[in-house]
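For reference, chains read A, B, C and D in written order, and residue numbers begin at 1 within each chain.
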Amino acid sequence: MPLRTADEYRAGLVDGRRLHYQGQLVPDINAVADLRVAVDHAAIDFDLAQDPGHRDLAVTVDPDTGAEYNAGYRIPRNAEDVMARSNLIEAGTAAGGTVVTLIHEIGTDGLFALLRVLEGEAREKAEAYYRHCRDGDLALAVAQTDVKGDRSKAPHQQADPDLYVRVVDRSDEGIVVRGAKCHTTSSANGDEIIVFPTRAMGPDDADYAVSFAVPANADGLSLYVSGYGGGGGGHDAFDHPVSSRHKLLETLTVFDDVFVPWERVFLCQEPEKAGALALTFVEYHRFTAVSYKLPLVDAFVGAAAQIAEMNGVMKAGHIRDKLTHLVAYAETVRALTESAALRSRIGEHGIAYPDPMTTNMAKFTFASGFYKAVEWLQDIAGGLLVTGPSGADWDSTEIRPVLEKYYAGASPAPERLAMMNLISDLTARDLGGYHAVLAVHAEGSLEAEKLQMLRSYTANHAPKAIAYARKLAGLD
Amino acid sequence: MPLRTADEYRAGLVDGRRLHYQGQLVPDINAVADLRVAVDHAAIDFDLAQDPGHRDLAVTVDPDTGAEYNAGYRIPRNAEDVMARSNLIEAGTAAGGTVVTLIHEIGTDGLFALLRVLEGEAREKAEAYYRHCRDGDLALAVAQTDVKGDRSKAPHQQADPDLYVRVVDRSDEGIVVRGAKCHTTSSANGDEIIVFPTRAMGPDDADYAVSFAVPANADGLSLYVSGYGGGGGGHDAFDHPVSSRHKLLETLTVFDDVFVPWERVFLCQEPEKAGALALTFVEYHRFTAVSYKLPLVDAFVGAAAQIAEMNGVMKAGHIRDKLTHLVAYAETVRALTESAALRSRIGEHGIAYPDPMTTNMAKFTFASGFYKAVEWLQDIAGGLLVTGPSGADWDSTEIRPVLEKYYAGASPAPERLAMMNLISDLTARDLGGYHAVLAVHAEGSLEAEKLQMLRSYTANHAPKAIAYARKLAGLD
Amino acid sequence: MPLRTADEYRAGLVDGRRLHYQGQLVPDINAVADLRVAVDHAAIDFDLAQDPGHRDLAVTVDPDTGAEYNAGYRIPRNAEDVMARSNLIEAGTAAGGTVVTLIHEIGTDGLFALLRVLEGEAREKAEAYYRHCRDGDLALAVAQTDVKGDRSKAPHQQADPDLYVRVVDRSDEGIVVRGAKCHTTSSANGDEIIVFPTRAMGPDDADYAVSFAVPANADGLSLYVSGYGGGGGGHDAFDHPVSSRHKLLETLTVFDDVFVPWERVFLCQEPEKAGALALTFVEYHRFTAVSYKLPLVDAFVGAAAQIAEMNGVMKAGHIRDKLTHLVAYAETVRALTESAALRSRIGEHGIAYPDPMTTNMAKFTFASGFYKAVEWLQDIAGGLLVTGPSGADWDSTEIRPVLEKYYAGASPAPERLAMMNLISDLTARDLGGYHAVLAVHAEGSLEAEKLQMLRSYTANHAPKAIAYARKLAGLD
Amino acid sequence: MPLRTADEYRAGLVDGRRLHYQGQLVPDINAVADLRVAVDHAAIDFDLAQDPGHRDLAVTVDPDTGAEYNAGYRIPRNAEDVMARSNLIEAGTAAGGTVVTLIHEIGTDGLFALLRVLEGEAREKAEAYYRHCRDGDLALAVAQTDVKGDRSKAPHQQADPDLYVRVVDRSDEGIVVRGAKCHTTSSANGDEIIVFPTRAMGPDDADYAVSFAVPANADGLSLYVSGYGGGGGGHDAFDHPVSSRHKLLETLTVFDDVFVPWERVFLCQEPEKAGALALTFVEYHRFTAVSYKLPLVDAFVGAAAQIAEMNGVMKAGHIRDKLTHLVAYAETVRALTESAALRSRIGEHGIAYPDPMTTNMAKFTFASGFYKAVEWLQDIAGGLLVTGPSGADWDSTEIRPVLEKYYAGASPAPERLAMMNLISDLTARDLGGYHAVLAVHAEGSLEAEKLQMLRSYTANHAPKAIAYARKLAGLD
């Protein structure tokens, strides 16, 4: 099958899935304005692959068959592949207005994890599934985070056993699963959902050690789209220049006794492998994350430099200081992302992966510095971020001249307001809240990143540092 | 005139003022749902004065006449008065759901500044105006920040001379002013607007050194309400528990050759006094600010403690660490605010004012730590802040049982979602953006606060510290 | 007995105690130059009480007998007493060149804890001991921190049972104790040593739940003075203007089967009271700590302002910014210290104590900001801090003219070098290291301070904040 | 001439130079214990070149002549050369116990700058001088920082015209220079001193725009060695494990009418080139700096991990958190240093240089995080850093058993005390102060680094970020 077009992708989403939004069942996602924004946003990924200017980056060829497929599916074999993957993700996100498209990225992160961690028959199933997705140019979601209930308790200790997705039955044909995942991105507008365990599992949690894939219209599967951020469909492009066009959908993903045939079951009641699978996926996905954060931090720096000029404050010492800090923040994230790629390691089955310590450093640097970056940007921009005119004001022939007169800075009002609205959209409205919460929670929390940094450092780097300290201390 | 009721206040706003919102002229502010939320919010201030539980705090008596008036108008004479004023502002803001009502606070900050800085006839006019406002129990706005144009240039250097409000004519009857102020809070729903110069002015900017008061329906005055945050009128109380009920209105406040009679002109073309007036107002207003931030920081700590319990993570070391940092942040702001009051000084005409260095320290501590506080709170709460269900989902009899089952934590889902939505509203939606931008820009920027801290320290404290350092160094 | 003179104090230290320094047994502490510096430093406390300019602060009168005694011994009954105590400690430390004298402060912190926590006979013994110390105008040390061995293990779990001080025998006459305390300040140059348990103890650690007092020359007691910082005796006053004159002595304090008569035993094998005693002492002592940090932070600000002037850089924006941050740091510590006193509470037996939450906030603010403050100060001062001339260079008639010519700044070289050397001594030499390590470890670690803040907040303030958050969320 | 031995280097320093230390003229640097430590430290560099295990890194071959020379002199032509240079500097510093040897590094930084910036005859002289140094395997110092006097004034505005080194006479044979440089490292124990202007110069400062080289024993040149840090010669290896063996010498370097022949004059009264020369040197030197900081940050992490184990606290959450932050700090500096090398650019005359933005980011990350890193390390280690025993105590046969008993942790006392003393030496004693002050002042201040980051970003990266922001805002 050739690369799909954006319209083919859109059409494929009308498949009878049980999708809910704002309290209603949605028969056709393309027909609901808010949701359509997200579909169109994701469709950018298909458009890029058709775009001559991006084909080199976005399309690759199967050496065995000569068939073209989306480069997001390319299994990385070396540092160059990992770097190219980062560049592709960055380019797609840049086209997505700082919002990742995430219909190939997260799914392939998951596929690479399956292909690395699994062995034997399980791996063969993963390979078959990988080819199915790749050759069908499918849009993929990964459902990993369980709703979790009382977080101080293990899955089997919960009052309600369904708070982590679990196997409730198995037969010769397959398994039946029940429970719910949350924060599932791109499920509403994806073709397939790959399910991963959320963490390492002990023997008592064997039923929760399950990984499989289902189509988004599987029987018993219900998707509840979050109402957060209202919808681009209702946003004015004047004061929501990004979020009126770009949006991700997050679902509560409920498995109400969903049957999964064995060919799509990758892990079933094998708790000893749950941790490796969960972690391997996350490590790929954190690298995806830092790659897709680059357009956002670039936009911060560019917007800060622009609004400083437009306000006429670029020569103020404290403005330059804050701008410099923004530069250092953005470029440290970029340099660490590059380093993570250049230091790639070769894992099981010859599949490359970005260096975990450096990947986690990049992600942690991004996440732990994000709020301060927002502060610098808002500080440079000014209070107009939250007191400016609306699109309806701007459209009024009586009001616009007033706004043009009084909102002129060192640049004319239209430019200054446009830049102000960009910053407001990215940092001080719902999209800003979304970016911020994602910074500390998506792809693993700050604590998870710290844990992995220390773990990876301890395994690979600590012996040298400790030996050096001991030598300096006169020991050994 | 007795204390007004909330309904009297509401009725008084329908006075022919030229109010614009969302591209439309608004004849009756009470009739537009979004704006009505703000009116009802401000009305809390009047309700408090009628509430037996708050009268001690909110109502005071004129010792000369025995007449009651709103305690916000009480001229502070000592540290106790300053502390009481802080407590009143805090109580009003607590009732306002972390949003200050700001119809007495900012105006009296301005009146106290006029009463302290002015002398002779000007001061008599200010006193008369003070009594007019106090005895009429009026709702006041202060318009200080000019739109400013190119900030690298002085008012008279701007390409358009109207970018700072200025005197364009004067006669025996009064003056005519032109220009625009921005970020004017409570003008749309206030009775009077007091205008202050935005900063110190040089001789070339004499026309810009002007301070006066006008009613909100003055001829030539137009108010353009910002569309930011949409409006509480359109927000669901489920996922916007605060912003659906509490809101401030900010206007672009345009003076299109507005005539002001001399009795309401406090400063006219006297640049040498502009700085003192601007600064004295701001110093009072920063103290108002830290007083009204206290409910917000309390809500952060309380919500963090609650959601940690509800998520079942209270025993995690890193959660307790972040909670402790939130406590230290909130309580340092509170302690410094108290200290600023207790260290009050007596200024001109026997009017007390909070210690400027300590006030600025309190405000700077609040502002410079705010984004980090948001990060801690969002980190503790979780990704559900931006992926949760909408009010329409919650209202659906089919969907709610699913949400109740799967969003239960260590507490039932209704409680947990309510707390999650509170945190989301305060930090990750438009109100959150508003709170954040206000933290660094309202009542003076971070840089302005630092400047005042150093200035006040240098004047009052540096000599002792320098003498001590020199003694230690063996000098002197 | 009247107030003692400094010489009486010095003479009293030659009492046969087993004092070791630099590998040698020291028969007379006054005869060893390095140690004599510390004795003379402590003697400042006696001189102050004799100084007419300080008597109001430093001397008080027993209302029962009319006898004068050192005000450090005054049992605080209200907030004013607590504030006065803070002022006395600050004044003594200022006279001590930023180094607390600590011969009355820590001991009375301990005595107040004993007088509050103990009951019945034990409290009578504590009262008698209090009068003994007060009326004898004795210099007191407190030995609390055990050497602790493997910190992951409880006292009784240690490989060597002596790693916490413990009771090894008891008889009708008293008890016998063995073990060692470390970081004991002022034991080498104190008259009495009061021993506290280092923390709460469980039932298995009953033998370690012991509190008592012994004279510094008790049989079996050995004091090993740390060699850290060399000694003021060897420092040139040119490049060590403070540490050549002011110094504390820290000992490893070894109890080798020391007999303690019952009248000096305050707690013996009562593990249930160990925690309260340890904590109550520490809470007083943290307040002492923040009080004695004030001269140090003042010196930082004063020295920063001076060296900026002397270098000719006071007008640079980044210098003013750093100076402002130093001011905010110093004055926040001061304001919180004052608040802790003003918010004093009344404890058992009517004895007042500073508010624990605020005290811990003050201490934590000091400690967690200290290194950044050092950075700002060193940044403002310049590299000359570690590349400047020695006292011998300065004393050379050939070299001094060269130094005077080339080290002139905006001020003459002698002033600039004096200020530079002060900063170097306080931050970049051994005394600087001592100040820094004490910031994070003395009187409890950063973690201990955070624990107490949260604990105190939870007990006293959290209910209100939580109720407010719940109300905002629509719960309750 | 072959590679010199350490002894040849030592012998070469006895050349009649006017060296002063502690108020005395020093005829033979090798004969003064304190200074000898620094000579022996620098000699490590020569030993490394003789060491079979390091020859690959430390020795290279002239492709023209086949002669071997120290690899520090290799002119970088590409990213690999720059990376190799970083590795060599790191290895030399690791051998130097975290203290850079700095007898080849800084001098070649200067030589590369001369070879890049100069043209024509001046460049030929620089080339000849380069060969002279390289072929003689000379130890080089660079004197750049002038004493500067009042920093608010330009060189020619100073009250004393000699506060920046200047040309006072010129003739056919050469020039005569007068003035003083400070913070000159390795001049006392170097063979040659290369002089650079300290900054860009305006036309009025033409006489100060001078660059040249002189041998350390030039007539009229006097070197005044700083007394800071006392000397390794007086330090016990027990409690000063590093500083008793490793030390740099800093001099006040006075040119009292020193004659310089034209062949050694690289820039004379050409103010327009002063800035480029100063900056180019500094950019190389900052890369040298971050390369030589790597062993120090490694030692911090290694020592922190070790002392945590030895104290028995490795499992405490807050300890792991601090250790993780130390890891992130150290490894971010390392990753940025590598990135700076890998992103090397090719400058004038085909000479490569590390990417300036990335170099400055690496240096700024190191410098701005250093004090916090010290805090983490000291926090993990404990108060024993400044209350521990001295070498004399340890050597005492009576005292050592007491120390061994009571300072045992989870590891025996000898190991724990050795590690504690290492940390104390690196952070809490004079060497610690030296490391800290160097972090913020050596090779350019924090402000200089920020300036260069922004400048380099603006030139190379800003256009892309700005274009992206404008596109997102709907502009262009």
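The rule is short, and it goes like this: a residue touches a chain if its C-beta (ideal position, glycine included) is under 8 Å from a C-beta of that chain, and two chains touch if they have at least 3 such contacts.
Since this is a predicted model, take the numbers as computed values, not measurements.
Undergrad: On the document's contact criterion, could you list the chains that touch subunit A and likewise touch subunit B?
TA: Common contact partners of subunit A and subunit B, which must touch each of the two, are C, D.
Undergrad: Looking at B-D and C-D, which one has the bigger number of contacting C-beta pairs?
TA: Here the pair linked by more C-beta pairs in contact is C-D.
Undergrad: Could you grab the centroid distance between subunit A and subunit D? Build each centroid from C-alpha atoms only and quote it in angstrom.
TA: Their C-alpha centroids are separated by 43 Å.
Undergrad: Would you kindly tell me how far, in whole Å, the mean C-alpha position of subunit D lies from that of subunit B?
TA: 52
Undergrad: Let me have the rounded angstrom distance from the C-alpha centre of subunit C over to the C-alpha centre of subunit D, please.
TA: Taking the mean C-alpha position of each chain, the two centres sit 38 Å apart.
Undergrad: Of all the residues in subunit C, which ones touch at least 2 other chains?
TA: 318, 321
Undergrad: Applying the document's contact rule, which stretches of subunit B touch subunit A when the two form their complex?
TA: Interface residues on subunit B, with respect to subunit A: 20, 22-24, 145, 147-153, 159-160, 162-163, 180, 182-183, 222, 224, 226-229, 239, 250, 252, 254, 311-313, 315, 318, 370-372, 374-375, 378-379, 382-393, 395-396, 399, 402-403, 405-410, 424, 427-430, 432-434, 436-438, 440-442, 445-447.
Undergrad: Subunit B touches which residues of subunit C in the complex?
TA: 94, 97-98, 237, 241-242, 295, 298-299, 301-303, 305-306, 320-321, 323-325, 327-328, 330-332, 335-336, 338-339, 342, 357-358, 361, 364-365, 415, 418-419, 421-422, 450-451, 453-454, 457, 461-462, 464-470, 472-475
Undergrad: Spell out the residues on subunit B that touch subunit D in their complex, using ranges where they run on.
TA: My answer: residues 317-318, 321.
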